[in-house]
Structures are given as C-alpha cells and as structure tokens.
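First chain A sits with chain B, and in the next complex the same chain sits with chain C.
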Partner chain A sequence: MNIGYYPGCALHGSSNDCEQSLRACLSALDVQLGEIKDWICCGATAAHSLNHKLSLALPARNLAVAERDGFKQLFAPCPLCSMQLLKAKKAVADERVRKELSEIVEADVRGESEVLNLIQLFEKIGVDRLKPAVKAPLESITAACYYGCLLTRPPDVVHFDDFEQPSSMESIVAALGAKTVEWNYKTECCGAGMTMCNEDIVLELAHKILSNAAEHGANCLVVACPMCHVNLDMKQAAVERRFGKKLGMVVYYLSDLVGLALGLSAEQLGINRHFVTQA
Partner chain B sequence: MSRIGVFTCWCGENIARTVDVDEVAKRVAELPGVRCSLNYKYMCSDPGQAIVREKIATEKLDGVVVASCSPHMHLKTFRKAAQAAGLNPYLVEMANIREQCSWVHHDRVQATAKAFEIIRLSVEKARNDAALQPIRVPVTRRALVIGGGVAGIQAALDIADAGHEVVMVEREPSIGGKMAGLSETFPTLDCSQCILTPRMVEVGQHPRIKLYSYSEVEKVEGFVGNFRITIRQKARYVDVSKCTGCGECWIICPLKRNPSEFDYGMGMRPAIYIPFPQAVPARPVIDKSQCAKLIRNGCGLCEKKCKAEAINFKDEDRLVEEAVGAVVVATGYKLYSIAKSQPKATLAGYGEYGYGKYKDVIDSLQFERLVSASGPTGGVLKRPSDGAIPKSVVFISCVGSRDNAKGLPYCSKICCMYTAKHTMLYKHKVHDGQAHVFYMDIRAGGKGYDEFVRRAIEQDGAQYYRGRVSKITQEGGKLVVRGADTLAGMPVTIEADLVVLAAAMRPADGIEELAQKLNIGCDEFGFLLESHPKLRPVETNTAGIFIAGACHSPKDIPEAVAQASAAASKVQVMLAADELTREPEIAAINEQTCAACFTCIRTCPYHAIDRAELRTPRGAFIKNTARVNPGLCMGCGTCVSVCPSKSADLQGFTDQQVYAMVESLA
Partner chain C sequence: MENQALGQVTSERLPVHFPDPIQVANCYQCGKCTAGCPVAMHMDVAPNQVVRLAQLGEWEKALRSRAIWECVGCQTCSTRCPKEVDCAGVMDALREASLARGMAAPGRYFVVAFQKIFLENIHRNGRLNELELIGHFKVDVLLHTGRIPFLFKDAGLAPQLGKRKKLHLIPGRARDRGVVERIFERCSGERKA
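And then the complex of A and B:
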C-alpha cells in the first residue's frame, strides 16, 4: 500500500511524536507513506477565517499536488487539514469553481483523490488485516476513544461516522484486544483553539474530558487528532494543578495502540516523549 | 359565429389607467364578426351586466367577449348574465386585460395595443365556440371517511346526522386516533378521553355509520359521485359478531409483555388485546406476530376460555366493496422519529439527544401516556428507567420542526401549546418538581392560548430558556442537558430526571400510497394538498375527495374538528341531490377516428379514459375506441396533446379554437 501523506504544520513540528508513531506503526504493517512534494499550509487557521477563496485555494493546491504525484489516497493525520482538503474537494465538484481554483494555483485540481483521516487510514488497512498482526493484545488497556470536535464535523463536509455518537475508533481499538468504555465527551471540544488566548477555558474543558473518561472506568485516552493530544497531554499537568487532583491519564494516538499491539516498543513509537507517561 | 358582442371594462381605474378603453373598444368594433363593442366603468356591476343582457337580446348576439379581469374572478358572473338573456353560457369568453395587461404594464400606448391583441384572440375563440351543456352525473348518496381519529369522527357524525350513510375505515383495532391517548387538552385542561369517548360511542352506535375497524383502503375506483372502494378487513382472529367483549381472553393470555402501541411502548399488552378499555369497537384482536397459537400452534388458551366461541384462528383478510359518492380523508399524523435512523434519506435524526439510547428521554406522546389517568402508570408520573418520580424535567420544543438540517423546515404548530400544558400537568402531579423548557419561539396564537402559556410560566413556575440543547448525556442516573440560554447569553446545564422531546408532526404512514390510490396530491413532506390554500381548503384536486385534520398540515384539536365539519358540509352539499352537475369543458374523443392505441389511457393523470367498443345499433362489433368518463375528466388536455390521430379534443378549448387564435396573431 502506498498512500500519499500530507503532514501539515503539526506533524513536522509540535506533533512530531505522532509522525514517529505513525511511521513506525505503518512500516510494521507494510504501508508506505509518500509525503507529497512541496506541500503548503492547509488554510485551516488564518485563511479559514479571513479569506474564503484563499481557504479553498490552499488545500486545492495540495490536492492537485497529490493527484499530480499519482496518489489515489491522501492521508492527512490532522483533522483540520483533512477537513480543509475535503472542503476543497467538495467545492471543486462545481466545474466553475474547479476552473477558477485551478487557475489560481496554476495546477489542474481534479479533487479525485480520497482524503483519509487517521481513523480512516486504519479502516482502510482493515480490521481483518490488523487482527492477525496483533502480537501483544492490549489486555490491560481500557480506553476512552476521543474523537474531538472536528473529526466528524461538519457532517456534510467530512461524511465520517455518526457525528454525535461515533464508534469507528472503538472497532479498531477492540480489534487490538483492548476494552473501550461508553462515555459522554467523545465529540466535545478540547479547547485547543483557545490554547494561546484563554487558558482558563482550555483547562476547564480538558478537565471535563479527562475526568469523565476516568469516571467511566477508562485508564487511558485514545485520540486521532494531534491538536487534541497536545491539549490533553501537555496541559494535563496544568489541569491537575488547577483542579487540585491527580489524573495521570495517558493519552495515546490511535497509531500508538496499534503499534503496541503489533509488538513495537514505547520508544519506537515515541510514547516515551509524551508528557504523561505510564506510572 | 358572426354576431359577437365585446364588452370592455374599465375596472374603475384598474384597467382604464393604463389601457385606453375607448380606443380599444373602437378598434375592436372593426374586427370581423364583431356586432357591437362597448365599454363601461364596472362591467361586473348590476348595470354593467344589464348592458350585456340587453345587447344579447337587442343585437341577437351569438357570442360574448368580456374584456376585464381573470376568468377566475368573473367568468361565472358573465356566464350567468348570458344565460339570463337566453344565450348558452359556454358562448361567453373572457379576455383578461387586467392581471395580464393593465396591472403589469406602465406604458399606456403599449398596454392599449396589447389589450387589443388579447381581445382579438378572444374574439377568434368566441367565433369558434360551441354551445355546451353541463354534465350531469348520478350520485351515490353515501360517504367514505378514511381515518377514525377526532377529525374522522367529527366528519362522519356530521354527515350521518345530516341523513346520509357513512362508511368509516380505521386501520387500528379501535377508533379514537391520537386524541384517545392524550391526557388533558389545552387550553382548558379538560380530559381528552372524557370529551372524545362519547363521540366514539356515537360513531359505534350510529344507525347510519358502518364502521370497519382494523381495516384499510385497498383500492379506489370510479369517480365523483360514484366511487367503488375495496376495503381490506385485516384478520382479527376474533369474530366481532359473536364476541361480547367480556375480557376473559386477554386476562388469560400468558404473553403479556408486548409493547403497547397505544401506550407508545410505555406499557405492555397481551397478544390478544383491546388497545384501551374505552375502545370502539370494544372487541379484541390477536397480534399474529406474537400469538403462540398462530406462530407455532401452541397455547390456544383464549379459544378454550371464550364462552362465546368468538376466537377463530383460521381467520383471514377479507376484501369488501362499498359504493360511495364522496370521500373524506382524515388519516392524521405521526411523530417524526427522533433517533439516528430515519425512514427517508431527506431526513436526519438527532443523535445528540440520545433518544432510544437513554430510557428517560421520551417523546411528547409517550409523556401524554405517562400522565394520563388511563396510562400504564395510572396517571402517576414515573420515569421509564426505574419508576422514580422525576423531580426535574426538561422539555425541548422544535425537535425536527423548523430545522432544515433535519429536513423539516415547517413549524409543527401545536408543540408550544402542548409543551406548556405538559409543564402544568407535571407541576400539578409533582408539586416540588421543576419543569424546564428550551424553545426557539413561543407560538401561541389562538383563543386563550397565550394566556395559557403565561399561566404555565407565571403560576406553575415553568422555567423557559430561549435556546437549543446541544447534547444530552447521562451521569450517575441523571440526564445532563446542556444548552444555551440566548436571552441571558449563557450556556445552561441542567441535571434532569426525565427529558421530553416535542417531535415534529409528520403525516401518518402510508399517506403517499393512499394519495396515489385516491389520485390526490401531497407536498414534499407527504401532507395532502388542498385545492386552494385560502378558498378551497378542504377540497382536493380530485372532485369528490375532501381532506380534514392533520393529514393536511399540523393541526390542534379545535382546528382539526373545524376542518372536519367543513369537509362534512361540502360532502352534504354534494350528496344533497341525486345528480351533480359539472362543467362541460372536458375532453371528448372522436370515436370514429380513434386508432385505439390507448396512449391517452396511459397518460391520463385522472384515470378518466377507458377502453370501449363501437357497435352497430344491432350490436355488431365495429371497432375499439377510447372513451372519456365525463365524471372523472378534469379537462387538463393531456390526452389531446398525446393523441397521435388527433382524435382527442377539449370542449371549449378545441384545437380549432386555439389555432384560430394563434393565426389571428400573425
């Protein structure tokens, strides 16, 4: 399997532990990630709120590049990136918009390649392929699967899972031999967007998510969004200080759990570089 | 035709302001075939009509063109005037120089020229008019009422009390509809059953009402005044004529844990059951999907117990035919299904409210049963999960309604009122409880309605929040309802014991199939279409078929009843005489030239054309032909456009007339 890979700003920067985890885990599954050449910003941040056309043109160019390089699938681990790519894909279904965007980015945007988020990547690989590859079933893990706000939304753009009560991550985690819990904050906002400007909100939201998972019997959180990971993992110490309680909730990327089940070590997957580690 | 009178109207200033009526009348007088041309300030007034009548007599006119407003407005007026003067009314034409000319133009010169052209076309049409006679159709003086809810009951009783026979078809085992399951009704809080059940009994005992319960309309044939209805009587496995309704069977039935349809799953019923004690007819049915005897030839206790020997496990569906002259459709509504899975791709559910996932999230009709004295809890409000008395209840209005994202943009109209009622009923039962309501707007138009909502808020202390609920979750036995209070500009979180969702109203199941059988229209949501939203609110586009109640649009009880009485009075007018007259502007087929290809039969939207044989007076076969049923034809002209041999024509709008009009333009 050779899949186009759009890392976006996060995976080469603050979330390079996620990239490490993905690369280790996918090479064990014999999936090659071909990073698309000369990719640019996905347009999720400033462009998204300031200039509609720019916010379409940026991801449109990335789509065009992936298509030029012949990738049928384009994997964007960050949900903001994948949402932007899907938005552009939806927009270019209109021939007039397609022509206009192609002109702006000076490349033929076709919007044909399939955009995958982190969960969809493992769905693509398939539970049938994962199950027999499991060497170390994750019996000690009781995970709360956390989707965050953007993986399933906006539903008419991303068309992924049930946007209020999703369950796709649970099926993958269950295939690895781990248990999952039913809990209440699967799709609530973690506050990552406010990290820089209003920490109070972030800490409150993160606290609700982490403690609700714990109350429902989870011993770790699984995420499929690098932003959520930063927020829930890095900020967890601050949450503990603010609310005066010990949470100690390990936050895994979905690829971490897959990697562990495949027999990879925490070091190989970069789990040792997380802020909260197993006690 | 060569003695046409043209009467141009000023319509006060309406026409004369933009059209030079003197000039038009002068030019029209020169047209071939025009005998006289006059204009007058108000042609529809008494003196105006007198001019028309007088000219018909003095000038011996054989055709009349009135150049004024739309024929919808005054064609009938002028036809009557012509008839009074001894002229066949179908020799009157209207040239619409108001809506189609003076009202839509500013330039006087151009408008005058256009008015002249419009009149010229009408003169050409009038010259080719033929005298027509109204069609007389015999009437079967009986009516069918489909649906035995409050609207159907009202319509049936009105018609029957007026002296006509009524056939009522109800698909549930008992009549009564949704209203029979309600607790108390707004804005008076009178008990729903107390006002409805006497009416149900009246239906059951009325000498002129024939009730088919547990039955459905299978097939509809015929036309206005002469419908033949095939009714499917579903196998009840109980002989209604023998059964005394003693109740031994449903007491002995061991399979008692089946969710009750009447209680919307809030209570249980046996496999042989009557939906509720006041049912009409008070005769049980056996649910064949649950009865052990019918599934695997077991049990059979009810048969042994029944002294009247009314149980018949060999019962089968029966088809019966009834002849009626008119039909009232009153099939009612159902609630929008709130959960994720939806019957149609155009609809979307509310996963965020957890309906179907959390037992204590229920819909409004389920709440009605929980507070009803006849309900599964005997009128004590106990929540479904553990039977505890809820101390905090959240009501959410507009669940589905007015939500484009869910596919239902319309307002369900009654939810604001019944939600206010629910908060009151709750407070009257649980004095230390608190009701919370999330709403978008409070729509309480109606007699005593707004006062009622104010009472719920001011006297019974319901807490209203203007805003939507984003999510409901469960924490330690409590439902955590998170929403917005947009007036305070604050998020709200309420820990509730019970959540009641005011789901949108949708037309009852099977409405589209029924509409197809009856050949009437429905809108994109399945609600039946009236013929005119203001002036013909209970008629449909198929003559002889009327609508009443929530099958037409969301309605409360008073409105449904009023509409049912309106439909009933329309039916009474129809059934008042042995014959009814219809306008003769319908299709006719030249049976001599008809090639019997029957393309018209396949395309006719009203199923008004039949195959027929042409025979000599002695009965020898000549040829096959298509033949128009004058009782059914609505004069749409589809057959005229599809007939390859040009044998179909529309009386009053013949090809010849239309061609003459077009040619006169050139």
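And then the complex of A and C:
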C-alpha cells in the first residue's frame, strides 16, 4: 500500500507523539506513507472562520499536489484537515468552481483522491490483517471510543460511519482484544481548536467527556484526532484543578492501541510522552 | 449598516454573502441546532436566533454578537438541522463579515485575535509555526487587554511541552512560499456579493 500522507501542522508540531505512534505502527504493518510534497497548512478554523475562499483554496492546493503525484488515497490524521480537504473536494464537483480553484492554486484540482481519516486508514488495512498480527491482546483495556465532532460531521461532506452512533473504532479496538463501553459523549465536541483562546469552554467540555467515560466503566479513552488528544490529555490536569476531582484517564490515539497489540512498546509509540500516564 | 425589511428573506438579497448552498430562508425555527450546540449556554444569541437574525437581515445584531465567536465550529447544528440549513456555515460567513467590517464583539477579543494571528502565521510560513503563534498571541493580547492569555496561566505548561519534545524549536516551513503568497492574494480580493 502506498498512501499519500498529509500530516498537517498539528502532527508536525505539538502532536508529534501522534506521528511517532502512527509511523511505528504502520511500519510494523508494512504500510508506506508518501508525504505530500511541500504541503501547506489547510488554514484550519481560522481560514473557515475568516475567509471562505481561502478555506477551500489551501486544501485544494494539497489535493492537487497529491493527485499530480499519483496518490489515489490521501491520509489526513487531523479530522479538521480532512474535513477541509473533503469540503474542497465537494466544491470542485462544480466545474466552474474547479476551474477557479485550479487557477488560484496553480495546479489542476481534480478532486478524485479518496481522503482517509485515521480510522479509515485502519479499515483499509483491514481487521482481517490486524487480527492475526496481534501479539499482545489488550485484555486489561476497557476503552471509551471517542469520535469527537468532526470525524463524522457534517455527514454530507465526510460520508463516514453513523454520525450519531458511530461504531467503526469499536470494531478495530475489539479486534485488538480490548473491551469497549457504551457511553453518552462519543460524538460530543471537546472544543477542538479553542484550546488556547477559549480555555473555559474546552475545560468544561473535556470535563463532561472524561467524567462520562469514567462513569461508564472505561479505564481509558481512545481518540482519532490530535486536537481531542490535546484537550483531553494535555488539559486534563487543568480540568482536575478546575473541577476539583481526580480523573487520571489515560488517552490513547487509536494507533497507540494498535501498536501495543502488535507488541510495540510504549516508548516506541511515544505513549510515554503523553501527559496522563498509567498509574 | 443597511437593514433589510422583514419578509425579504432570500439569501440572494442579503448584504452578507452566504455561499450558494446556504439557504437561511429554509429555517423554520425548530431550535434543534441550539439543543445540540455544546456552547449555546455561553452565547448571547442562540444558534437558531442567529439564523433568524440572518433571515430578517438584522445584520447589526448578528455581526456584533458574541455568539459567532463562541461557536467552536463542531458542525453539530448543520448535521442535525431537519431543513438542511448549514448553520455552522452561517456562523463562518458572519464571522468573516464581522471582522471585515470591524464589528467583532470586543468581549471575544481572545478568539478574534487568535484566528487573525493564526492566519497571518500561515500566510508568512505556509505551515503553522506554533512557537511564533503563541508568542504573537501573547504579546497581542497583553497589549490590548493588559492580561496574559490562558495558556501561560497554566503554570509550567511550556516547560512540560519541552520535556515531552512537543515544541519544535526549528519548525518546518513550506519551501514554496511564493505560491502561498499568491493564493492568499487571490483569495483576499473583494468578495462578490
């Protein structure tokens, strides 16, 4: 498998533990990622909040470069990046918009590559292939799978899983020998990119999510989004201070659990670099 | 600010330009968007009311609201709307117009400044430079409000990030910044209404 890879700024910045986890895990599974040449930031919340045209053009440029280099699939681990790529892809279905965007970004945007999120990447690899590769079944893990807002939304853009009751992550986690719980906040938003500029909201939402997972018997959370990880892991100590209670909830990236089950160590996967670690 | 008379509710006639697929006229005020919004309780104007203001052409209220800057862009409202109104897209278009007209709610200074600085950062570097972003945000907020942004009240977070090798001291930049510059230029012209 040779899949185009759009890391986005998060994975090259403070979420580089996510990239470490991914790379370790994928090389164990013999999946190659081809990083998109000279990719640029998709503009994130700032672009879609402040400049609509730009919020289509920036991801369109990356899409065009990936397509030019022959990638049929483009993996974007940050769901905000992948939503922006998919919005651009949807927009270029209109030939007039496609021409305009192609001119703006100085490359032919066809909008044909399939955009994959982290869960879809593992679905592509396939449970059939994962299962026999499991060396250390995750028997001690009871996970709350957390999808957050953008993995499944908006459904007419991302076309992924059930947008109110998704279950794709559970299927993968179950294949690794771990248990999962039913709980209420699977698709509630964690405050996403507001970590720095609207901390009150992030703490409040993270508190609800973490507490609900604990109340339903989970001993860890699994996420497929670098922003979720920041809000739930990095900010967990702040949540504990604000709400005066101990949570101690470990937050894994989906690739961490896959990697652990494949027999990789916490150090290889970068789990030791998370803020909340196993007691 | 021109006020549209009640009854003129088609988006084509509104002075704030919504992308074509957004039809605010379709909203029948069921309130489902507000019911699912994770931050509605912090808004001065609830999401369904924001859509109503857009229907009525009450631009002054919509563009000066705090609500549009409280919105975290989670897409829940758009996903659940029974009339397929892209409420999150309405929020985006209003934010863009609010900033362009200098009407952003002063009480939401943190959010507004952050988004602006974020975009400038990408404009300059092609990719986000986190340290530069944090630095510029901190200085900007300090100059304007005399307060230090949240991140730095979180005692010791920066060294904690450093210890975990989560801060890149030499961040990657896009090599072809010429194309980034030209994309920004082509997207920053006058918007067609």
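Note that the second predicted complex is superposed on the first by the 278 of 279 C-alpha atoms of A that agree within 3 Å, B and C clash if a C-alpha of one lies under 4 Å from a C-alpha of the other, contacts with A are read in each partner's own complex, and residues count from 1 in each chain.
Here is the rule we go by: a contact is a pair of C-beta atoms (placed from the backbone, for glycine too) under 8 Å apart; a residue touches a chain by one contact, two chains touch by 3 or more.
Since we're looking at a predicted model, the values are computed, not measured.
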Contacts of A:Pro59 with chain B and chain C, given as first, second, both or neither: neither
First (chain B), second (chain C), both or neither touched by A:Pro77: neither
Contacts of A:Asn184 with chain B and chain C, given as first, second, both or neither: first
Touched chain A residues, chain B compared with chain C: C
First, second, both or neither for A:Phe163, with chain B first and chain C second: both
First (chain B), second (chain C), both or neither touched by A:Arg153: second
Touched partner set for A:Gly111, first chain B, second chain C, both or neither: neither
Interface residues of chain A shared between complexes with chain B and chain C: 163, 188
In the complex, chain C residues that touch chain A: 19, 38-39, 42, 70, 72-76, 78-79, 86, 88, 92-93, 95-96, 99, 110-111, 113-116, 118-119, 122, 126-128, 130, 134, 137, 149-151, 154, 157, 160-161, 164-168, 171-172, 174-176, 179-180, 182-184, 186-188, 191
In the complex with chain A, residue positions of chain B that touch it: 340, 350-352, 354, 357, 471, 473-475, 480
Contact footprint of chain B on chain A as seen in their complex: 162-165, 184-185, 188, 212, 215
Partner chain C, residues of chain A touching it in the complex: 9, 12-17, 38-41, 43-55, 57-58, 61, 83, 103-106, 149-150, 153-155, 163, 188-189, 191-199, 201, 205, 234, 238, 273-275
